[in-house]
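Next come the structures, one after another.
Okay, so chain A shows up in both of these, paired with chain B first and chain C after.
Showing the complex of A and B:
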């Protein structure tokens, strides 16, 4: 199956740039077989291991498909394939003559390299695949390289990504040095390897976008073409999560790791969503929301680690399974939301929410699908986001109710998750309402058009996935159980430690009743006579589009509570005098970590480097002086050394 | 079959009793002010009259304007079904139902604010913004209270969590949850349900453009939510599980009545707070619940 995937993906890469149809067919076959391979593992096929006969870079290729890899492979296959279908409508050749071909090429490379990252069981090849994956991400982000901010976002991504890769280089090299081989696998019996996990943690946390290493994520995800944003947000950052889960399972982790990951995860969730709420750019909002969701996943993973350390199978298993399920769920609904945002961008040419509004009339499909995504991402029942958040909550509550020492991590985490959940709801009511409801705020919004069939189809599949996991969570338990067992073999098998079938039933009843009530009320309103009239609004004679509440105003209250953390900037000129001429108010939420911390440090480094450049001026006399000075210094050093 | 019958019975009870509470509150307010006041059953008349009326909808609104209140009402009814009624236990009790309950309330909030934003009115946007923002703090307080109950009972299922009293922290928890009740149901001092124009700030402002059956559904949902919080508060504080069924029922009815009268008295004696003080008050409610949690933790196994 994987061979088919490999062949199809390679087949897509080679002729892809020239023939879009062949590319699409090959991509669909390739990603479909990736998905099928993963499903085969869930259906009970044994783990698959394979060593190549030829050596690459002095090492034999070692691929391994176990429950955990298959879990991420399934997501890769689904989002990768749907993204390819979506791209056909979103980034066609006639609109993007030069970049569409490049996009197809790098899309294939990215899918293939991510697949190798997931399968690779050799440190060297893992790094090679990782690097290829990072690079293809860079080329995909900067597809439209005419625009300055896109190039800047690409560079920032590349720099951050390489900072992470540096940590991984150190990690794998040190690991190979200690064990004497690049081969990877369970190494729990070597407690001396434990501290190395911190290196891996730093490297993978950059990719996953954990606070405060998320700096690259918002601009990269916002500026990339939307199908790329969906792949980056839905799958690529999950590679970081995969690394964290994989190596926390294989390595003997220090005791502090569980506490650290839980703590950072909870902080990431809260700060990520608070920043998301503050955004006025639709895709940037979604990007920050990805930061939040990675935080939620990290809370689950950290809890799983605490559970493994505690020796308690119940809640640890629940938390890890919740984290894994959230990986899928976030992949589904975030890809859906980015696709919907892309379709808005495609129709109106802007991501600025304050220029949109009233799109439900011209884009009913996108509006409904975005609403489903928004409800899922806010963790509302009956959709999938609720199921995984419910599992994580339940695990944390079990910790607290059992009064284990880990409760001191669990209680704050529950609180942060609750705050993050409520803020997510606020952020997505704001996003959905400002973009799709009310009156169009500009001409472009009024003249929007619905997206094409391929884009719509991709979104419908994702929305159906969101609903399916919400309605039948128990169906997905065996797969999650397999992945959990791959992480920690003693936790293998067993019924879910949570009443998933009951929750599924409750969700199904809720959907049925909600549909019935909605239709019933609509029918009863129609039966009693339904008149259309201007918005009443306490008696306005002619409400105008510009009188509507803006996204910034909607978020202002809650964002104000976080202003002191992020240092919100505000410039305003109040109207003065009886005939005020001009007044404005501009609020901006800076990228606190980037602008206040990394920016100055990088600036200082550049200044030092600039000063050092003064030494290079091409005058021979001075070079001779340098030479003499250097020789003297060396001589002195040698002399001093001999005297000792 | 008997489970289904049980749930239907609960449904009827919740739906029929809910509109009574606002009537009682209005009676208390009238009594304190020395007026005669509207009849206790006024809301029932209002609902039946609204149900027969025709609907005027904004030209900007999508069908979601009508579907929103319907879904919100279903979510509230679902939450009510999950909540155990004193000695009769929960309608559909399972581990983790308490989290579903909290999130069903969130579904209702999502739909209400969504429907409010349909009209494109700045006024309703204001209400929606306040609703979702203050919900952040009330949800924090509510989840802390649930943590306290969970620590006290060692369980994550509502029927066991609410069977015991909240122990030593019961008083703190009662105060905290009462504040949450006032905020979530938009009563004084957070909001004023009496006014309909500038002074109404959160809930009423979001439903300005609704009329006819959708408005009836919204009003009924609001009454249901009030009853739900009153029952939750009573059961969290009273040790229901230790009483005989009859005593527990009486205690529950008495406590819900006391909470309702308390809401009426607060409304009569207090003015609405300035808006910048609302977060402060909610933070105090959160801190009360937090202290209740710490007390429960210190109190040792239940």
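Showing the complex of A and C:
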């Protein structure tokens, strides 16, 4: 199955740039077989391991598909394939003559390299695949490279990504140095390897976008083409999560790791969603929301680590399974949301929410699908986000009830997750309301049109996936159980620790009730007829679209709570006198970590480097003086050494 | 024997100062050429007994350093049409002072170096150090490319003096090889000087900064 995937992906890369149809067919076959391989593992096929006969870089290729890899492979196959379909409508050849071909090429490379990252069980090849994956991400982000802010976002991504890769290089090299081989596998029996995990943690946390290391994420996700954003957000940052889960499972972890991951995860969730709430750019909002969701996943993983250290299988298993399920769920609904945002961008040409509005009438499909995604991401039943967040909450409650030391981590985490959940709902109410409800704020919003069939199809599949996990979570339990068992074999034993079937039933009842209520309303409206009139307008004579609530106004209160950390920049002129001439108020939300912390440090480094560059002026005589000075210094050193 | 050796090396050190102090290119070249001849005699003096190969090498050295290379340089000078070093980085009097300080420092340093007993009484090491230092001052302090070539050659003379220390262990064939390299180097530099002159209408090496990056 994987061979088919490999052949199809390579086949897609080679002729892909020239023939879009062949590329799409190959891509669908390739990603479909990736998905099928993963499903085969879930269906009970044994773990698959393979060593190549030939050596690459002096090492034999070692691929391994176990429950955990398969879990992420499934997500890769689904989002990768749907993104390819979506790209056909979103980034067609006639609108983007040269970049569409490049996009197809790098899409294939990216899927292939991510697959290798997931399968590779040799440190050297893992690094090669990881680097290729990071590079193809860069080329996909900068597809539309004419625009300056896109190039800037691409460079920022590349720099951050390489900072992370540097840590990974150190990690794998040190690991290979201590074990004597590049081969990876379970090594829990060697406690002396434990401290190395911190290196891996730093490297993978950059990719996953955990809080202080998330700096590259918002601009990269916002500026990339939407299908790329969906892949980056849905799958690529999950590679970081995969690394964290994978190596925390293989390596013996220091005791502090569980606490650290839980703490950072909770902080990431809260700050990520608070920042999301403050955004005016629709895709940037979604990007910050990805930061939040990675935080939730990290809380689950940290809880799992604490559980493994504590020896109590119950809640640790529940938390880890919740984290894994949230990986899937976030992949599904965030891809859906980015597709919907891309559809809005495609129709109107802007991501600024303050220029949109009233799109529900012109884009009903997109609006409904966005709402489904927004409900899922806010963790509302009956959709999938609720299921995984519920599992994490249940696990955390168990921890608190169990009164183990881990409760000190779980209690604040519960509170912060609850706050983050409420803010997520607020953020998506804001986004949905400003973009789709009300009246169009500008002409582009008024002239919007619905997206094409391929884009709509991809979104419908994702929405169906969200609904399926929400309605029948028990069906997906065996797969999650397999992945958990791959992480920690003692937790392999059977039944789901949470009443998942009951939850599915409750969700189904909820859907039925909602449908019945909707049908009832529809029938009564049909029977009695609808009366259309103005909303009460305080007696104001000529209401205009500009008088609607803005997104900033909706979020102002909640953003104010976090003012101490964002430090919003404001410029305003208040209206004065009885007949004010003009007034304005401009607010900008700085990227706090990037602009206040990393910017100045990088600036200082550049200044020193610039000063050092003065030495390189091209005057021969001075070079000779340097040389003479260096020689004299060396000579003196030797002489002094001799005398001693 | 040692007194002859020291006399010759002292002469070479005096020529260093002459090269540093003169502004006219022909006299710098002449100083360098005479220094080459003086140094060329050294192998014969050091080996005490007369050997044919040594005498041959000494003869060739004198020929190349005293006549061949200076002739090449004079030709380049005529081709580039320059007579004087007009605006040095380090003026002539400061250069002289630097050279004098360098010479004293070389003698002082050489006394502290752990030398073999047979070299301790000679001026070989201080002379070599002082000559190399002079070459450096010329390289750094002069603007015209030809003056710099002279500086380079004087520095090479210093290295040659150091080589004299190893005369008993280094085959003279190696010395001849170095000499050949040097000739080729000067030959190439002569061509480059011509090219610089044509490209920049001047031999001022400061103008070469436009070539950076």
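Keep in mind that, in the parts below, the second predicted complex is superposed on the first by the 626 of 644 C-alpha atoms of A that agree within 3 Å, B and C clash if a C-alpha of one lies under 4 Å from a C-alpha of the other, contacts with A are read in each partner's own complex, and residues count from 1 in each chain.
Convention: a contact is a pair of C-beta atoms (placed from the backbone, for glycine too) under 8 Å apart; a residue touches a chain by one contact, two chains touch by 3 or more.
This one's a predicted model, so the numbers in the text were calculated from it and none came from an experiment.
Student: Between chain B and chain C, point out the one touching more chain A residues.
Tutor: B
Student: Is A:506 contacted by the first partner chain B, the second partner chain C, both or neither?
Tutor: In the superposed model, A:506 contacts chain B only, not chain C.
Student: After superposition on the shared chain, which partner residues are touched by A:629: those of chain B (first), chain C (second), both, or neither?
Tutor: neither
Student: Could you say whether A:191 touches chain B, chain C, both of them, or neither, answering first, second, both or neither?
Tutor: Neither chain B nor chain C is touched by A:191.
Student: Identify the partner contact of A:57: answer first if only chain B is touched, second if only chain C is, both if each is, neither if none is.
Tutor: neither
Student: Under the stated touch criterion, which partner chain does A:529 make contact with: chain B (first), chain C (second), both, or neither?
Tutor: First partner only.
Student: Now for A:619: first (chain B), second (chain C), both, or neither, which partner does it touch?
Tutor: Touch partner of A:619: chain C, not chain B.
Student: I'd like to know which partner A:438 touches here: chain B for first, chain C for second, both or neither.
Tutor: In the superposed model, A:438 contacts chain B only, not chain C.
Student: Answer with first, second, both or neither: which of chain B and chain C does A:358 touch in the superposed model?
Tutor: first
Student: In the overlay, answer first, second, both or neither for which of chain B and chain C A:567 touches.
Tutor: neither
Student: Chain A touches which residues of chain C in the complex?
Tutor: 89, 109, 112-114, 136, 139-143, 148, 205-206, 208-212
Student: Could you pull out which chain A residues touch chain C in their complex?
Tutor: It is residues 616-622, 624-625, 628, 639, 642-643 of chain A that touch chain C.
Student: Quick check: in the complex, which residue numbers of chain B touch chain A?
Tutor: 51-60, 62-64, 66-67, 69-71, 73-75, 77-78, 92, 94-96, 99-100, 102-104, 106-107, 109-110, 113-114, 117-126, 128-130, 132-136, 139-140, 142-144, 147, 150-151, 153-156, 197, 208-209, 212-214, 217, 279, 293, 297, 301
Student: In the complex formed with chain B, which residues of chain A make contact?
Tutor: 357-358, 360-361, 367, 371, 375, 378-381, 386, 390, 393-394, 397-398, 400-403, 407, 411, 414-415, 418-419, 421-423, 425-426, 429-430, 432-434, 437-439, 498-499, 502-503, 506, 509-510, 513-514, 517-518, 520-522, 524-525, 528-538, 540, 543, 545, 547-549, 553-558, 561
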